[in-house]
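Next come two complexes built around chain A: one with chain B, the other with chain C.
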Partner chain A sequence: MFGKRLIEYVIAFMALIILNFVMPRLMPGDPIDAIYGNELVALTPELREQLRAQYLLDQSIWSQFLHYLYSIASGDLGYSYAGKAPVIDIVAGALPWTILLVGTALFGAITIALFLGIESGWRRGERLDRYLFAIFSIINGIPGFFIGMILIIIFALNLKVLPAGGAITHYAGYTGSEYAIDVARHLILPATALCVSELSWIYLLMRGGIISVINEPFIKTGMLKGLDDRTIRYRYAARNALLPVFTRIGIQISQIVAGILIIEAVFTYPGIGYLLHDALLTRDLPLIQGILLIVTISVLAINFTMDILYPRIDPRIRHV
Partner chain B sequence: MLEINDLTLQYTADFVESGIIRVLDGISFYLKKGESIGIIGESGSGKTSLGMAVMGLSGGEVSGEIRFGGVNLLDLTDEEMRVVRWNRISMVMQNTGNVLNPAYTVEEQITEPITKHGLDSKIGAQERASLLLREVGLDSDKLNAYPVELSGGERQQVLIAMALANDPELIIMDEPTASLDVLTRRRILGLLDRIKEERSLLVISHDASTVASLENLIVLYSGRVMEAGKTDLLLKDPRHPYTRDLLRAHPFMDTTKDLQGIRGKMPTLYDLPTGCRFSTRCTQKIAICEERPPELTGCRVRGEDGSQDGDGGTYRRIACHRGGIHTLLQVNSLNKEYQNRSRNRSRTVAALNDISFELQVGEIVALVGATGCGKSTLAKVVTRIFKPDSGEIFYDGEEIHAIDAKRFHKDVQMIFQDPLDAVNTRFHVLKIVREPLEIQGKIEKQEMIRKVKHTLDEINLPSDDIFLKKYPHQLSGGELQRVTIARALITDPKLLIADEPTAYLDPSVQAKILKLLMRMQNTRGMTMLFITHDIALARKVSDRIFVMREGDLVEQGVSSDVIYSPKHVYTKELVYGAEGAAGYIYKSIRS
Partner chain C sequence: MYKPLILRSRGATIGLTLIVLIFLIAAFAPFICWFDPWDYSSTPLQRPSSVHPLGTNAIGQDILSELMYGARTSLTFGLSVSAISLLLSVLIGVYAGISGGIIESILMRITDVAIAIPSIVVIILVAAYLQPNLFQLILILSLLSWQYGARTFYAQTLSLKQRGYISAARNFGAGNGYLTVKHLIPDLYPIMLAGFIIRARYAIFMEAGLAIIGIFDPTTKSLGLLMHHAMEFAYMGTWLWWLLPPGILLALTILGFSLVGYYFEETIDLRHRSMSSGRF
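Showing the complex of A and B:
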């Protein structure tokens, strides 16, 4: 079963690469025009020739493809004329910021959402549950960028306690702990915005999961065994309600990624999302292509990891 | 050790008119240390709620007392009750798919209560888990299995091992054998037998054979106890109409009679009858049954030999206003002689020789004997066609000859061997069937026709005008016998005497007529005396069998006893003689 999944991932990955290779070559006209357009750089005949040679455009499609594979494998995703640097370097510069942001936000969102979801679902109909449910149902309807903008207006523009954008204060020359505090201050607002917008749906999912297992016979078994309430709530109810929640998080990964891109754009946070936003504005096709490749590979990798994790979360999976 | 007094459990529910759903009502029983008790009842009788109430997890409003080791569990706080659970009383829930926590291994689930209650270290608990697993007959490599990896039977074994984990004094088991195959079931029952040697056991089941080996038995119906007593006696000789009906519906290995469902439906918990809970389905109810519920009191028990015993000598209680299954017909020392004239010599032959027996409401008794043994004479004496030389016959407490003829014939009807004996061949079907009604008089013509049609429908005969106008010679043997059955049933008799009703019919028609008679008996709750020379037939239709020879009633008893352990030589002869082609089945059951 595992092997089958693996093959599926390899196929998906191949398809992705091929798509990335074929797309510019399918566009009408010279692929060079398609890739570099005319507005960005003055395509002098010499430059054009140089590019044709670089992409082996005069050779057969096969050798082009092999060359392409070779360059990806060696980390060459092309050259961004707008950024005046190899695509791979630009992406590599942005990636850590995204990881930092997403890591913090999702970690916060998942822990808080699971905790609240479990407690709320277990006390279904009680006051705490009614309030939490109402609050998160409302938040769940608000788009992420809107939350981000509200945060900016309140904390950055009005209260002026936190920076409105960016990841660090430029030219401040901070080092050591000062640098870390600066990074954290910049992180708070975008991470909170992302956290809140992901939190609500995970909370709703977890709460629903708990409610759906609460009448399962094994919960009664746990009570009969004279176990304390917390053990039953976590080891019996939550543990078994978790799998559908994780599955849904897996399915939602692409939406989460979209959410990240938007939040980064709103906070001008120099991660992959903001980079893509910039690249789109400047129509920097090599960069766009590089980013999409990296993002999709990441999504694939996350899904793959989750697939490996499922059976650890729920032993039932091993037998279906 | 466990003593339950007047336990009542009810839930409030706004969707019902009364606002209350009463699941248990005034339950009382006790269980001594080391004893075992079974609780049987159909689903919805409240038996699982009873188990949950003892564990303090039923929810709802609980009143009364649940004394365990002298302490009323209902007085304990949640925290105190938590300590009682599993340490002193454990419960094996019904073995459904998700009764074990799907996310943990067998070992984790068995050790969990041990470590969480602080009885032992993790290592100690693990050792105990593997010991317990072997004790219930599983390999210890199942310790690392997850619940999904277990078969239904293995899961049951794990559940039992888990229940033993904290060495409780009392184990409650809910349907321990439900949905298991025969072999697994036997293994589990063997396990129960071993467990009950060491601790008290309360087994809840809808299935009487699961609880058959326990010492005591309680029959629950709609949240009330109907009958309670020693299990073997109760199963052999149920005294409450409900218990009898329940057992009739249940296949025991030695059941001889065809299974019969219980007529009607169990009342819903929010719409219970004010009186006896069983009154909506009982066939012997009287006015008071609908007014107030009967108390659970001691009752008389029929002895082995058919004699009546004051209090049974055994502990037996029953909740019925009529003291249990009512005696409909009581026959005391009947004698009748014939003058047999042959070759100019006159000889006195005893057709009935000191015959005594009882028939109870709703039972089928087969009277078996050879031709000329006096069984038809007996039928005719009981139906007042002949007068006995001496002896008494009481119908519902009255001497039959003192009963007004009309009333007697409304209540007691007979079906004859030869349908032509019963019908006037110049009458058509309508006339034949309605004749007994006409004798009763005081009934409108339209009403009469409606009744005739209804009765014909009931016994699967056409009721259209063409059929009603048919004459006996236009009917087949089977049809004609059905017509006489309709004729016998039209007055709604309480006692039906069927004298070889299928003797003239070929086997397939015979089977149909028998099924029909049993169905009618069951739905109407009539008492039936079924006379036959064929003991193989008798065993399929009867609750009890009487054996007659040359005017003597040589043996009477519960059908399975008479068939599987006949006492009188003549009965033995009959039974072994009848084995025939099916002999090997019979022998294999016996061995």
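Showing the complex of A and C:
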């Protein structure tokens, strides 16, 4: 089971590496022009020669590919001439902001969605459930970045209580707790936008999951045993209702990633997504490739972890 | 009086109404608008007036006309991607299911690998190099979103294959081609319809998302591009008539497709099958 899944992930990863390698070479003309041939870089003959030597372009395609694999494995993702730094350093500088934003937003989204989903599904048809269901069905139809734009307009442009973008106030020279407050203030709006848009689909799945197990015999048994209501809800029903949420995360991950990239672009939040947005704008292809490689590795790692965790959450699957 | 089943559900009725309304706006855009959305001869950044009900943008184009043409592009994009990727999923899923043997293994392994690849990465990478136009982008996105559906149709085909009437037809000498066209495909219509709606929703969302990150064909008018430009000028207080209308129209479109999608999901119980909900 794991062996097969692992092989799939390895093949998927190799497919993306090959695509990364092939794209510049498929473009008409010299790959150097495809990668660096925009107005940002003055391609002097010396620089061109240096790059040709660096990518082994005068040797066979196989030695080029092996060299490419070798450089990735050794953490060399190329050099961004627009950013005037190695790609790996630029990405490493942006990554903590993305982790902070995504971590905060997803932690909030999962906690709130599970709680509301369980309570709402358990009270199916009652007033609380009807309101929550209607509200989240509508929010689920609103793209996260539009929620973000509205938040910016309300809280940053009109009320002027929170910053419209960025992650820190530049040149303010904050230290210690002042710095932490500044970071938190910048985090509130993008994290809320991301949280709300992820919240809605997890809530809807969780509610559906609870409703589908509510009439199962094991719930009845629990009730007849005289277990307290909360134990049944959270230990019996919720555990089973969680399964579709877990399966769906694997399917949704590409969309979640897209959502994060877009939110960062809207809020000019200096993580991976905003970096990518900038790189696309300036067509900084080495940087684009590097970012996408990091994103791919993270997504594959997350999916693989989910595959390993799944049988622990749902022991039935071990016997299939 | 006869009332179609779908209109008995309130959510689905609202959803259908929304879709029809937006369809009408998109279809009749050239007849309703009195400005060419590409014509930049008006004064830039005007406030709403009787001539320009939603004002003009930074280069003097009429925003209302942009909005209606934008709905047109977004719908075209969504429906085309949905149709092409659905076709691919049905072809691959049903063919793998009915053929069995080596073809089945190869196709389903490819599908599994395709599911493992984060498609957003491939879209951005390819788009960064090719700078695709609208048509090419439709193809790219379609080629990258068939995999989940293929699994669903494969599983459906396998379960349909067990049914009595299929083996009866087979015993009468029906070949795979005949079985597929006469029995399997018609049985899959409801799932195909649900899949179409769910994918259309996903693709319309993707259009806007790609436009925001900056890889949508900048020569077109789309809801996402309109919002992208509007956001750059939001600080000037123009958001009320520039940013909100496309945002609301986009949200209503996605909501319309979701409501109809929920209805189908509930009716044919797709909940536990691996079909992307197209959420964004």
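As a working rule, the second predicted complex is superposed on the first by the 319 of 320 C-alpha atoms of A that agree within 3 Å, B and C clash if a C-alpha of one lies under 4 Å from a C-alpha of the other, contacts with A are read in each partner's own complex, and residues count from 1 in each chain.
The criterion applied here is as follows: contacts are C-beta pairs under 8 Å (C-beta built on N, C-alpha and C of every residue); 3 or more make two chains touch, one makes a residue touch a chain.
Bear in mind the structure is a predicted one, so any value in this text is a computation, not a measurement.
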item: Combined model on chain A: chain C and chain B, fit or clash; value: fit
item: Partner chain(s) touched by A:M149 [first = chain B, second = chain C, both, neither]; value: second
item: Touching partner for A:L227 - first (chain B), second (chain C), both, neither; value: first
item: Angle, in degrees and to the nearest 10, that opens at chain A between the C-alpha centres of chain B and chain C; value: 70
item: Chain B versus chain C as contact partner of A:N240, first or second or both or neither; value: first
item: Partner chain(s) touched by A:F218 [first = chain B, second = chain C, both, neither]; value: first
item: Chain B versus chain C as contact partner of A:H277, first or second or both or neither; value: second
item: Of chain B and chain C, the chain that contacts the larger number of chain A residues; value: C
item: Shortest CA-CA distance between chain B and chain C [superposed frame, angstrom]; value: 17
item: Residues of chain A that lie at the interface with chain B and also at the interface with chain C; value: none
item: Residue ranges of chain A touching chain B (in the complex, touch as defined); value: 216-218, 220-228, 231, 235-236, 239-240, 314-316, 318-319
item: Touching residues on chain A, where the partner in the complex is chain C; value: 8-9, 11-12, 15-16, 19-20, 23-24, 27, 34, 137-138, 140-146, 149-150, 152-153, 157, 164, 197, 200-201, 208, 212, 244, 247-248, 251-255, 257-259, 261-262, 265-266, 273, 276-277, 280-281, 283, 285, 288-289, 292, 295-296, 299-300, 303
item: Chain C residues touching chain A - in the complex, by the definition given at the top; value: 11, 109, 112-122, 124-126, 128-129, 148, 202, 205-206, 208-209, 212-215, 227, 231, 234-235, 237, 239, 243, 247, 250-252, 254-255, 258-259, 262, 271-272, 274, 276-280
item: Chain A partner contacts - residues on chain B that touch it in the complex; value: 55, 57, 82-87, 90-91, 93-94, 96, 98-104, 112-113, 116-117, 146, 148-149, 162
